[in-house]
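First subunit A sits with subunit B, and in the next complex the same chain sits with subunit C.
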Partner chain A sequence: MVEFTVRRALRAVLTIWIAVTVTFFLLRLLPGDPTLLVVEGDMTPEMQQALRVQYGLDKPMLTQYWLYLTELVQGNFGTSFRQLQPVTEIIVSRVPWTLMLAGSAFVLTILLGIPLGVYAAAHRGRRLDRIVQMFGITGHALFVPSIAILLLVVAGSWLGWFPIGGAIDPDTRGLAAYLSLFHHLALPLISLVIVQLGPYALTLRTNMLEVLGEDYVKSARGRGLSTRRTLWKHALRNAILPALTLMGLQLGTLVGGAVLTETVFAYPGVGRLIFEAVGQLDYPLLQGAFIMLAITVVVANLITDVVGMLLNPRIRT
Partner chain B sequence: MSAPIPESTRTATAPSRTGGLRRFVAQPTGALSLTVLLVFVVTGVFGPLFVDRPGGLGSEILQAPSSAHWFGTDDLGQDVFAQVVWGTRVSLTVGAAASGLAILIGTALGLMGAYSRRADAWITTVTDLMLSLPLLPLMIIVTAVAGPSILTLTVVIGLFSWPEVTRLIRSNGMVVVAMPYIDGARALGAGGWRIVTREVLPAVVPLVVVSVLLTAARAVISEAGLSFLGLGDPDSWSWGRIMLNAQRSGVLSTAWWQTLFPSLAILLLVLAATVAGVRFNDSRDPRLKDR
Partner chain C sequence: MNRGKRWSAAVVGLVATVVLASCALNEGNGEPGASGGAGATTLRIGTTTDVANFNPLQSLSKTDNWILNAMYPHLLRIDGNARKVPELAQKYEYQDGGKKAVFTLRDDFVWSDGKPVTSADVKYSAEMIMKHELGNVAAKLGMVESIDTPDDTTVTFDLERPYAPFAEGVGFWMAIVPKHVFEKAGDVSKFANDSEWVGAGAYILQSATPGQRYVMKRNDQYPYAPKGGAAVETVEYRVYPDVNTMQLALRNGDIDLMGTPVPASAVASFSGDQKIKLQEVGSLGFAHITYNVSNKHLAKQKVRQALSMVVDTQSIIETVLQGEAEPMVGPISPIFDEYDNTGLKPYPFDPAGARKLLEEAGYADENGDGKLDGLNLEMVCDQSNPNLTRVAQVVREDAAKAGVELTASCVERNTFLSRTKSGDYDIDVSQWAVFDNPMDQLRSTYLSSNPGGINYNLVKDDKLDDLIDAAAGTTEHEQLVTRVTEIDAYVHDQALLTPLYVEKIRFAYDGSKFTGFQPSPSDLLGMVTGFSLSQVKPVT
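Our next item is the complex of A and B:
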């Protein structure tokens, strides 16, 4: 168990290192040289050289890479080209919003997906099962901004039920602030859950059907255990593992969806930051934001794996 | 893999009401999805010949859909229908080309992984690593640096979409590689290249067809997403860009038609490709018949 966790943790570190390395060299080897952007045309050669030294661009690439890595390990993502502030500071102020949005979408998808999947498997061919199957296939076809804009226009603008942008009303205090927080979170959250839920419930349903055909489930029924107990206690426990793994694998997609939703709702997370940084071609900020998201996804995946192992009745110690 | 269904199984599943109903439903959806795909292809290829390229400033600003402007007009007075028609071409081109690229890489790596155990360790690791990263943000960075254009979008989406294909082809290829006729081929003196291309590849071709459709569907979504984030080709129309324009000019709530119609186009195209892929897959897998 400890060995498994350590091995997974090492792999997580390796994944992050590869993400860092790939983006570092991609950004420097691609034709559009980002470093030229800092150096503006009408500067004197001395000023240009001073800037290059300031950003470390005068050194050989491997030295730059090494410097970048050592700084990164200390939590320094470099300096933003446009906002002239440390990238770390900018990103750290945005990360909690994305974590809250993506995290609650993750949890809500699981909480809704499990009963849906189990029910659909237990009542094969009934109406709800049909609906789960339909959404399981169409879920992949949904374009996040389409859903987000639909919700924003109908539930936000026309009906006026929810705020159409931002993350919190700055004038609120105490309990009202929390309510405002949830009120602003609702639409972005629902957009993400709508896209994730169908495929998730469908996977759970398929796993359940497989498990329900296995001998130990039949024997549980044979021993006279009730349908409900067999379903929720014996079958679900084994069906949930692959579903959890799938959810872990979907984390990257979930974060991608968060980038799009945040853009639609002007939600102040890392995704919206990326959208703004693209417009300004702020490479250190883009790189930092991506690495931050990669770290988030990889760590969340690690947690999912370890939790999955703790839940696995076959490896109980 | 393609063993005919034993007669007994066939009669055993036939009386199940849902099984019969599903097979009945299966046919029309398969046909319908193909028809929708065809309509999009025809629109993408021939549409721009009949519809003027949207551009410039019009006097009819933010008009609701009417007989003159089927999908309404945007805040510059441009016809949204024309934008959607011209965008069809870009979405289809990027979707098809990126999918082709991803399939080439994915199939090659998947077959390599299935056949050679030494290559497999590396391929699986790289595939898992790729799948565990947030790919949209990665695509955003690369597209931004390389400079947005249709070619950039195609290459970037293609280069980041192969891992799913690799996984599918590899896992199925492994089943094929373990079959006796591969040993037979080896015993007859066939080399690795010949076995992979002549014996294993044909067995996974149906899966490749499914992958083409599903990958193209995902590529269309990726293209729309990148265009929506402002990374589309600035010189050509795309569905994501139409929606971005609506968002930028702050007319989301008033000019609902400017986001609704491109959204419907994306939904229909992606859905048709997905359903066609799934139906094709189901139609050749007897085990899935009563699921």
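Our next item is the complex of A and C:
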């Protein structure tokens, strides 16, 4: 087990290095020049050159890459072009919001998706099963900002049940602050869960149907085990593995969805930071944010692998 | 999983969420005194982005400027008619044939830490900008040879040559910072200035919670506030990156004013709301089609004039802009009524006449395919501006009627900026955001030495250079206006650009709660200059 975990961890480090490298060069291959976005008009070539020197963009790209890597391994993500502050500080201030939003959506999707998938498989052809199938297919086609705007208009503006954007009512303190925080979290969370839940439940349903046809499940039933115990104890344990892997992979999609969700709901997470930094071509900030997201996804997948291995010892080999 | 494990997992999940929530709450929320609190008059303004840079000597985005302009005084401010009026400076004059610009300061501006604002602060601010070439003000200070401060309320800029718009440009754009605070920071080009703010404007930043809000408190010593002080004690900016969400927030009463203009498509949606008021302001920018004269076809005046004749401005305003714009003829926005050359006649929309003009210029359709041979040009535009993308399509179709083959390349904004800046285009369909001074505008856009880096025409015309130089050195106002209108007429005749329209700009606010805004043109500062905010009153 130790060897398995070490091997996976080394692979994770390699993945992160590739992500760092690809991000570094992709950003610099983007059309546009960050110095042009600092001052539009009234910028002499001398001023532009001074900015290029200040940003370190006057050096050859490979030199920039080497300098960036050497700083990165020492934990220095650089200084934001526009905010003149260390990238780490800027990102760390936003990470809790994104983790709370994406993490809650991740957990809620699993908590709702498992019973939905299991129930749909156990009651194949019934109304709920048909709903899960329909929801699973349409979920792939839903566009997060459209759902977000719809929820804002209906649940926020028309019904007045939820606040219009933001993360917290600034005048609240103590318990009221926590309640306000969860009140503001609700709509962005629902948006993300709506998009994720259908496909997840559908995948689990398909796996469950496959597993329910296996001999060991029939044998369990034949031995007189209750349907409930057969479903939850024996079938689900095997059916959940592919669904677990899917969730690991979908974490990237979830974080991507958070960029759009945070923008529409004015939610102060890393996603919105990326949205603003893209417009300003703030390379250090974008690199830092992408690396942080890459680390999150890689670590989540590492955990998924390890959990999968614990659930199914055959994976260890 | 047994029941015990499930409960453990649930508890771990709950604890993780609460811990994350606590981390998030520690990022500036729940700070005592961070908000106006009960009973205080708080004006909540929607902004679209976070403050990227708190150092006003650096280049600032528009939204940074909304907040910092209220905190740091400027020598001059802009009024509703785009005129520069006194702020920190009570007056200015040119001496020595225009080679000295002398500002006389008020003596009642005080920094929020109690120290007076003096000429030393002005000198320091200008010298730091010049030394580190900071922002667009550095270009405006480029002709300064030295700065003297004979006393606490007098600042003299010695210029290498007379330049008429110098005082207005520097006076309006240059933020004055407290020398005693900024010089302690060392290299101001790297100074983030992101806490413990000291200002002398109408409102001083108290707390910043990135991604959420920026809270400013009234400066009781701001000299332009009404007697008894500004009625609004706290100004709170709330960040809404999506303008649709910001509109919903205004309707719901979460904010009181949209700092960003209302999109033309959303104007009608506010008309049924009794409490929302729309304030129309003038615009300092305009949409235009600019021709790159380094192109062998566009180097010909007749080709440029012919292209101007295939642009149906009136139809574009009615269809693309749904009437939410005004036409313009010359290169100067009509808001500068003094400089507006009303004698200019617009090029008529006449594709047949345009084709005739092109044939006179030597173009012919030898193969009879309806297109003038060899006259293929590319129009670039910024695809993030849907209006201009549609304008490019309309112009392309109308140009085809005159036998001109235009290709519309509407590209991502950064690519667009990069291409126009490097001259990698034939025709540029775009929007000037802000020109606050006609003389400065003409010099920046048409002088061959390209002092502002925005001579996108790449025009090198000796006569135009002479006209601009003569006007720029004229400090006598009447004469300056005459010379500017001469340049206006020359540029129009040369058809260096085809002006399209000036978009109507409207700001939305909750009129049932607040009144008394003193708007300025465009969304550069719009409704939120420090002066404007200090005049706002709650509706009683």
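One rule holds in what follows: the second predicted complex is superposed on the first by the 276 of 317 C-alpha atoms of A that agree within 3 Å, B and C clash if a C-alpha of one lies under 4 Å from a C-alpha of the other, contacts with A are read in each partner's own complex, and residues count from 1 in each chain.
Here is the rule we use: contacts are C-beta pairs under 8 Å (C-beta built on N, C-alpha and C of every residue); 3 or more make two chains touch, one makes a residue touch a chain.
Treat the numbers as computed from the prediction; the structure is a model and nothing was measured.
In the superposition on chain A, A:Val297 makes contact with subunit B only, not with subunit C. In the superposed model, A:Gly252 lies in contact with subunit B only, and not with subunit C.
By the touch criterion stated above, A:Leu27 is placed in contact with subunit B alone, subunit C being left untouched. Of the two partner chains, both subunit B and subunit C are touched by A:Val153. In the superposed model, A:Tyr283 makes contact with subunit B only, not with subunit C. By the touch criterion defined above, A:Gly125 reaches subunit B but does not reach subunit C.
In the superposition on chain A, A:His184 contacts neither subunit B nor subunit C.
After overlaying the two complexes on the shared chain, residue contacts for A:His234 are found with neither subunit B nor subunit C. Legend: residue contacts after superposition of the two complexes on their common chain; A:Phe275 is shown touching both subunit B and subunit C. Counting contacts as defined above, subunit A residues 30-32, 149, 152-153, 156-157, 164, 263-264, 275, 279, 281 meet subunit B in one complex and subunit C in the other.
Residues of subunit B that touch subunit A in their complex: 17-18, 129, 131-138, 140-142, 144-147, 217-218, 221, 224-225, 228-231, 240, 243, 246-247, 252-253, 256, 259, 263, 266-267, 270-271, 274-275, 278, 291. Partner subunit C is touched in their complex by these residues of subunit A: 30-33, 36-48, 50, 54, 82-85, 90, 93-94, 96-97, 99-100, 103-104, 107, 149, 152-153, 156-157, 160, 163-168, 170-173, 177-178, 181-182, 263-269, 272-273, 275-276, 279-281.
On subunit A, the positions that touch subunit B within their shared complex are 14-15, 18-19, 23, 26-27, 30-32, 34, 124-125, 137-138, 140-146, 149-150, 152-153, 156-158, 164, 206, 209, 249, 251-253, 255-256, 259-260, 263-264, 274-275, 278-279, 281, 283, 286-287, 289-290, 293-294, 297-298, 301. In the complex of the two chains, the subunit C residues touching subunit A come out as 13, 16-18, 20-21, 23-25, 27, 29-30, 34-35, 37-38, 49-50, 52-53, 55, 58-59, 61, 132-133, 135-136, 138-140, 142, 189-192, 194, 209-213, 215, 236, 238-242, 244-245, 248-249, 251-252, 254, 411-415, 417-418, 421, 433, 444, 451-454.
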